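Okay, here's the structure, questions in a sec.
Note that the chains take the letters A, B, C and D in the order they are written out, and that residue 1 is the start of every chain.
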Amino acid sequence: MSTVKTQPLNRRQMAWRSAQDIADKSLVNLGLGMPLAVADYLQPGRDVFFQSENGVVGVGPLATADKIDTDLVDAGSRRVTLRPGATIIDSASSFAMIRGGHIDVSILGAFEVAANGDLANWDMRVPDKGPLVGGAMDLAAGARAVWVIMEHTTRKGAPRLVGSCSLPLTAVRCVKRIYTDLAVVDVTPAGFVVLEVLEGMTPEELATKSGAPLTFAPGWKPLSAPPIADAD
Amino acid sequence: MAIDKRVKSAGDALADVADGATVFISGFGGAGFPNLLIRALREQGTKRLTLVVNSATHRYSLTHELIEAGQVSKVICSAARGAGKDLSPFETLLKAGKIELTCLPQGTFAEAIRAGGAGIPAFYTPVGVGTDLTRGKEVRRFGERDYVLEPAIQGDLALVRADTADQYGNLTFRYAQANFGPVMATAARLAVAEVRAISDQPIPHTQAQLPGIYIDRVVLAAE
Amino acid sequence: MSTVKTQPLNRRQMAWRSAQDIADKSLVNLGLGMPLAVADYLQPGRDVFFQSENGVVGVGPLATADKIDTDLVDAGSRRVTLRPGATIIDSASSFAMIRGGHIDVSILGAFEVAANGDLANWDMRVPDKGPLVGGAMDLAAGARAVWVIMEHTTRKGAPRLVGSCSLPLTAVRCVKRIYTDLAVVDVTPAGFVVLEVLEGMTPEELATKSGAPLTFAPGWKPLSAPPIADAD
Amino acid sequence: MAIDKRVKSAGDALADVADGATVFISGFGGAGFPNLLIRALREQGTKRLTLVVNSATHRYSLTHELIEAGQVSKVICSAARGAGKDLSPFETLLKAGKIELTCLPQGTFAEAIRAGGAGIPAFYTPVGVGTDLTRGKEVRRFGERDYVLEPAIQGDLALVRADTADQYGNLTFRYAQANFGPVMATAARLAVAEVRAISDQPIPHTQAQLPGIYIDRVVLAAE
């Protein structure tokens, strides 16, 4: 299996990389957008339950056309199926599960993550548009581990790993790990600690694309992913 | 007289709703929207409503009809963003200052309603601490973490979509249809359910998902 | 049907008297002891649900020997049946129902009731015995209406309607109505207001058996009950 | 590896319980007592336990065996009175100052455990205000009523009796057997269920009453 070199990971490759770290028998909540693809790339033999905020505990694959049931949806309004052993609870019970620390990993998209773990992922400050927070704050504050999947920089090249967030916060000091197209980064009491850097990229180059100091873990590794076509 | 909560029509079920009522509306992601009842509330014409609804703008819910009809003065929700870049009717009213909005984290929204039905006036939660959505609210430390005090939400009316009901108001829900319906029914002075089918026999206790004592009126919603 | 005269009501007659006031379609919780008998004396045609703290919503008659199921019990550990339309919920949900004001009437036994509605019904201060509060405080604080069934005086003749309770309180200012063997008494902001006095008993005599001032409602009536053998 | 929470014996299920653990025990009025697991905990011999159990003295529960065996240093409950006038073993220990006791109103007990599993560190309740059971606790007015602040309860281990389980830990309960079991499972770091039967097939979502993610180990309790 050949690996991509120097080319930043695409969105599905970022999801793939994140998926490799999901432990067997975890309960995982996947945020809208990129994180949803994580379900497609679990390591073989790992038995994982996916929870959705609307109360589905054990989301299965998307429903095929002949299996669509408009009452069986996930938090993204996608028509889904149930995996074996799935249960369904009401919203108050679902958020009790989330807030109570029963979700092993919440994987979220983000606009910015600060070196202290602060997360901004819900409000882009688009003028006059109504707010939409949904369950983002609950997941960020409630899950045992919060992981973020996001591009390392904005389209304009501004860093998304920052000293402090400029956009409204989703939760304070919550992010544990970040998967970007360029790196895998832990958020620690000492700030950002890089675990992996895109194959062929130098630590110095990664630092220039980051808005806060990076520490490189002893024995940090090159980041690569198998070829996967990006999502549309 | 034997308890029998079945009423003939959605109009009958909502005939006595008053202006200024606080109204819960169930539903999430296309499942559990009580659209027959929402339509009836629009036709009934009640004004100055406060809506407590997860999303003010979901395309499958008729909530937006109440808003567009000018019947709503306030919305409590976790989502109020219209699709696309253009402003939705709700966003236009919001911009014009003609509608009031409280946005809550979805779990706080659900828990506050649950508290409203459970005799809990307020509870502490870690969610939203340090964010715009809890600005001005009391923050308190328990152990090594900060929590914010959130008040319960109670209402005058709950509109709930379920799958089946019996004469006692016991309800079943299909798949993810329950979502906010059960807690909304507990927190409202009057709870009305629309259902796909009404069972002639009592729903067995092993199947009922909400005790009928929380439901006051049941309407059949022909599909 | 002849009525008992001058003889104080026995325990089952007190339950009967209380039962006459239960409105059609109510949700009622019956405390241990005397209140349990209330279920036997509802007015004909009244359709009432009885809730039990352990989560049974719609307690039916006691189970006959052939119908006993040790998993179907009420809060008094009695083996019961379910009425049509009954549901069963867990304890947290059951007390949410109680505390949330969904019980129309809670009928409790008591040691003392004060003129301001304070209730003492859980702790007799028996030396060295462990406490047993159960759901009494929840019912007293949570039900829309709290009614008490108790003898008007102790066996030694001390009043149970008092100016202020001498025993530990169950809840403050909660009792709305008291059914005794001698009277039916409302608890109002102005104190005890007597609605009915045992047939043949004078207001003055009732007052001597009460530990706080009694007001007699305009048009107060004689209290009587059909003959019912007392419980064993 | 496929999730499979079935373990061979109650002893295996409790082998790693440590001294000083806080242990939830389900059951009420004869229904839902996990007596197989309680017996195993006694045989395991763990010391200095804090028991969170509705009744410390119910005659159908083997809770008293743990207490008589001297394994318990504290009890949190709503009922601790032995039957009859003589002192029960629990009451004798209590009188001798050898066991600590916290008595809570039963609904506060249940809600505090629910809060412990739901990420709520503390909540206000009207129950117990002005009584001995809330002495020293914070009282606060909301609207026209006083409420007391009650802290959540969390634990290390929950022993829960249910009717059936599947390999995922999903549970069903018979009649009034659920009582405190579901919330106890949510509030414990490790939750063990004993059941009458283990289903070879996953329990359908329409029948499961507690999601298996709250249960860590399942043991068959032969009747």
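Rule of thumb we're sticking to: a residue touches a chain if its C-beta (ideal position, glycine included) is under 8 Å from a C-beta of that chain, and two chains touch if they have at least 3 such contacts.
Note that the structure is predicted; figures quoted are calculated from it, not measured.
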Distance-maximising chain from chain A - centres being C-alpha averages: C
Between chain D and chain A, distance of the C-alpha-averaged centres to the nearest whole Å: 36
Whole-Å separation of chain centres (CA-atom averages), chain A against chain C: 57
Separation of mean Cα positions, chain B and chain A [Å, integer]: 30
Multi-partner residues of chain D (at least 2 other chains): 111, 114, 118-120, 125-127, 175, 205
Shared interface positions of chain A, touching two or more other chains: 88-89, 96, 98-99, 142
Chains touching one another, given as label pairs in label order: A-B, A-D, B-C, B-D, C-D
Chain D to chain B touching residues, read off their complex: 111, 115, 118-127, 142-143, 145, 147, 151, 175, 205-207
Residue ranges of chain A in contact with chain D within the complex: 24-25, 27, 45-47, 49, 51, 57, 82, 84-89, 96-102, 142
Touch list for chain D against partner chain A, complex: 1-3, 114, 116-120, 166-168, 170, 186, 202-203, 205, 208, 211-214
Chain D contact footprint on chain C (complex, rising order): 52-56, 69-77, 88-92, 94-96, 98-99, 118, 123, 128-138, 141-142, 168-172
Chain A contact footprint on chain B (complex, rising order): 28-32, 54, 56-58, 78-82, 87-88, 90-91, 94-95, 101, 103-108, 110-111, 113-114, 125-133, 163, 174-183
